[in-house]
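So that you can tell them apart, the chains are marked A, B, C and D in the order they are listed, and the count of residues begins at 1 in each.
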Amino acid sequence: MSAAERILSRAVSEIIPGSIVNLGIGLPTQVIHYLPDDFDVQIHSENGILGAWKQSAPEAMDPFLIDAAGAYVSLREGASLFDSAVSFAIIRRARLDLTMIGAFEVDALGNLANWKIPGKFSPGIGGAMELAQKTKRIVVLTTHTDKQGRPKILKNCRLPLTAKICVNRIISDLAVMDVAAQGLVVREKLVQISDADLQAQTEAELTFATRGAES
Amino acid sequence: MKKNQTLENAIAAIPSGAVVMVGGFGNPGTPFSLINELVRQGQTDLTLIKNDANEPGHGLSRLIENGQVRKLITTHIGLNKGVIDLMNQGVLEVEFHPQGMLAEKIRTAGAGSFGFLTDIGIDSEITRPEDLLEWQGQTYKVEMALPADYALIHAAQADGLGNLLYQGSAINFSPLMAMAANHVIVETPDLGVPGRFKPEQVHTPGAFVDSVVPLESLTSDYGILEHHVRR
Amino acid sequence: MSAAERILSRAVSEIIPGSIVNLGIGLPTQVIHYLPDDFDVQIHSENGILGAWKQSAPEAMDPFLIDAAGAYVSLREGASLFDSAVSFAIIRRARLDLTMIGAFEVDALGNLANWKIPGKFSPGIGGAMELAQKTKRIVVLTTHTDKQGRPKILKNCRLPLTAKICVNRIISDLAVMDVAAQGLVVREKLVQISDADLQAQTEAELTFATRGAES
Amino acid sequence: MKKNQTLENAIAAIPSGAVVMVGGFGNPGTPFSLINELVRQGQTDLTLIKNDANEPGHGLSRLIENGQVRKLITTHIGLNKGVIDLMNQGVLEVEFHPQGMLAEKIRTAGAGSFGFLTDIGIDSEITRPEDLLEWQGQTYKVEMALPADYALIHAAQADGLGNLLYQGSAINFSPLMAMAANHVIVETPDLGVPGRFKPEQVHTPGAFVDSVVPLESLTSDYGILEHHVRR
């Protein structure tokens, strides 16, 4: 399993049946393909969809129906379509149960940076600020370190923040961590990695309270 | 049907220097035919307002690549490296807003109001001290309304009174922009007679619409983008 | 012809074919019944209708379709129905061509008072302020004097204003007057009333520029 | 369908002292069955928000006549002399807003914003000096958002996910209130299964709805009021 596959497989079990969930651009939008076909969830896409579902076969694909990342999607029974003001009213009124979101950096306080790398990458804000600031529960999906092996899970974010103190849980390719009063608490980790190894790849200080282990 | 116009006449109403809203989120809802005519006519010094810049060689991107645009007010242009480069080179001025704030600024203009009080981004670098208001013991960020001279809209269906229906994820900013612009130009592949719609199901009442341009067919612009098909 | 009938008959010719018109509660909503069945107009009702039309026969009446005054209405071909926020967006964005509105008092400056008589009548504001303040053209329909014979067309309104300097034209049972830079200009009047008699029933000073006369 | 509830259970969620929005403009859209159950259960000290007070003996008026209401926030009660009398006697507190401002205050709460800047009534006696804001060289009236604990809504049709469709002039404040209240209770004579609606034609997405009460039939409350029939 690749790092991405490990994250996505684990992410599936974060979704409570019957809930309303937004999947952010990047890794999170891929979660939809890991869900059982009959799973009871309403996927919100900020471009105006409640009830987005897996991409249809090419012959049934609707060119007028994409998710916020541009990928063609289908609709479930009971889906609704609406304008961008209503879509963000759903977000700002906290009618989403969960948002899964990507990160450039996330820290021990639950701060999130995922929209801008000054001087290198600033394609815009998109829906990230409102999702991060207003959703009841935010789960970050991220590789534990960047491509150069540097920690993405920090003591304090250094990049411009998307939203302060908003993240509830981080799912990386190595571990599942909760943002708690005492900092990051490791709930699960790969069996093949030791506590010390995980800490070594994490700038934030970790507390270990693993209830078992992932494979 | 006085609202039934040719592509050429409808777009000729737009002068250089105009502020123009353009519907669409990615491809769906982008009024490619109206945009392509604006490229053909060549008005310059435009300020454009759209969720994104479409993708290179398509839609809004063509106006920018063609040097007709002074400023872009948008939320995310991550799928258009060419436009990001023009921004980084200082050729194109770009103003970013959180997506829901852009929608709400447009909708506020569309409601005939002048601004609204929010807390979105209030703790972030997008908020300047001069945007903050102390009011009745609370601190808010003031977001001002964003109106426009013109809106370019794609509707799935229309009637001769200018009533509009959208489809799929192509609704997005279109009904908001139709309210917010002083002059609203709509393209549709399906223009019919008044009475064809159930009155409750009209997305944009004709009162907001100034011209409707019937399209004989939809060009390949409106089709599937292969790189967004999952392999 | 009663005073009301004279006002309503004259009001019809204020409506330009193809226009969008709001008819205020009271006399104005009655104008609809004086329009030819095939007249090209879209009547806006602030409770969420564009394209309201004459009441149907009792057997075809829809209990879920009323105008802002509570009267049952029908819909024309091409009508649309929408929420109150959209309805007032149409008003505040000046997408109405004309509003006909009632008055307690109206004055030579075009000020309008039609929502409150302190200590006597204050049922609320309704849509009057927004209609009066934002419609491109306001025509007041009113009897020239009140039931006690006192002028309703004043030098300066004494009641709380609905909106300042908003009225373009006044149609009374006696005359048609425009609000102009020099004050009220009489455009039409009943043949049987002299200039002096009309002035006597009007507190505001009148200039006479009648282009003919009504019967 | 967890949103399918009995009339009794749905209304029992509302405590005395609650702020309750009620849809409807005149009769159309008034949720008479939900209101009648609230009369039956007898919660008191309510603050109600509705365009009007219905007519004597009907709908909202029953709650007021029954002494359950502390305050009414509304726009026009001209068709209810009884409620005007209670207001004039000081028994009922009434707060009036221009109709479109009431709609917009509710919608602002529904959009998760805190207020908006307007010029409506800025020169009239309804505007107090403390409502005025000088901002970037202009003077605006600040209208604050009007949220509520509960909304009572009548929908023509619903599905088990809480998606709603309205009919006729019964749309009015309902979709705005469904956005603005923390707990949204809907009655409908026509509750069906998800998939029955074209997704573009849903007026209120189910995300805003907490409970749906199916009605077996519509009582005479919902019928024609003879005095509004033209003779």
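Keep this in mind: contacts are C-beta pairs under 8 Å (C-beta built on N, C-alpha and C of every residue); 3 or more make two chains touch, one makes a residue touch a chain.
Computed from a prediction, not measured in an experiment: that's the story for all the values here.
*Asks:* Could you compare the number of C-beta pairs in contact for A-B with that for A-D and name the larger?
*Replies:* Pair with more contacting C-beta pairs, A-B versus A-D: A-B.
*Asks:* Considering only mean CA positions as chain centres, point out the chain farthest from chain C.
*Replies:* In terms of C-alpha centroids, the chain at the greatest distance from chain C is A.
*Asks:* Distance-wise, how many Å sit between the C-alpha centres of chain C and chain D, to the nearest whole number?
*Replies:* Once rounded, the distance between the two centres reads 29 Å.
*Asks:* Please report how many Å separate the Cα centroid of chain B from that of chain C, as a whole number.
*Replies:* 36
*Asks:* Hey, what residues on chain B touch two or more of the other chains?
*Replies:* Each of 104, 111-113, 119, 167-168, 171, 200, 203 in chain B touches at least two other chains.
*Asks:* Enumerate the residues of chain C that touch no fewer than two other chains.
*Replies:* Within chain C, the residues that touch at least two other chains are 81-82, 85, 88, 91-92, 134.
*Asks:* Among line, ring, star, complete and other, which best matches the way these chains touch?
*Replies:* other
*Asks:* Determine which chains touch and list them pairwise.
*Replies:* The complete list of chain pairs in contact reads A-B, A-D, B-C, B-D, C-D.
*Asks:* Taking the complex as given, what residues does chain D use to touch chain C?
*Replies:* 25-29, 51-52, 74-79, 84, 96-104, 107, 119-121, 123-126, 156, 167-176, 203, 222-225, 228-230
*Asks:* Can you list the residues on chain B that touch chain D in the complex?
*Replies:* Spelled out, the residues of chain B in touch with chain D are 104, 108, 111-119, 133, 135-136, 138, 140, 142, 144, 165-168, 171, 200-201, 203.
*Asks:* Looking at the complex, which residues from chain A come into contact with chain D?
*Replies:* 18, 20, 42, 44, 50-51, 75-82, 85-86, 88-96, 134
*Asks:* Which residues, counting only chain B, touch chain C once they are in their complex?
*Replies:* Those residues of chain B that touch chain C are 2, 110-113, 159-161, 163, 179, 193-195, 197, 199-200, 202, 205-208.
*Asks:* In the complex formed with chain D, which residues of chain C make contact?
*Replies:* Chain C residues touching chain D: 25, 33, 45-49, 55, 58, 61-68, 70-72, 81-85, 87-88, 91-92, 122-130, 133-134, 160-164.
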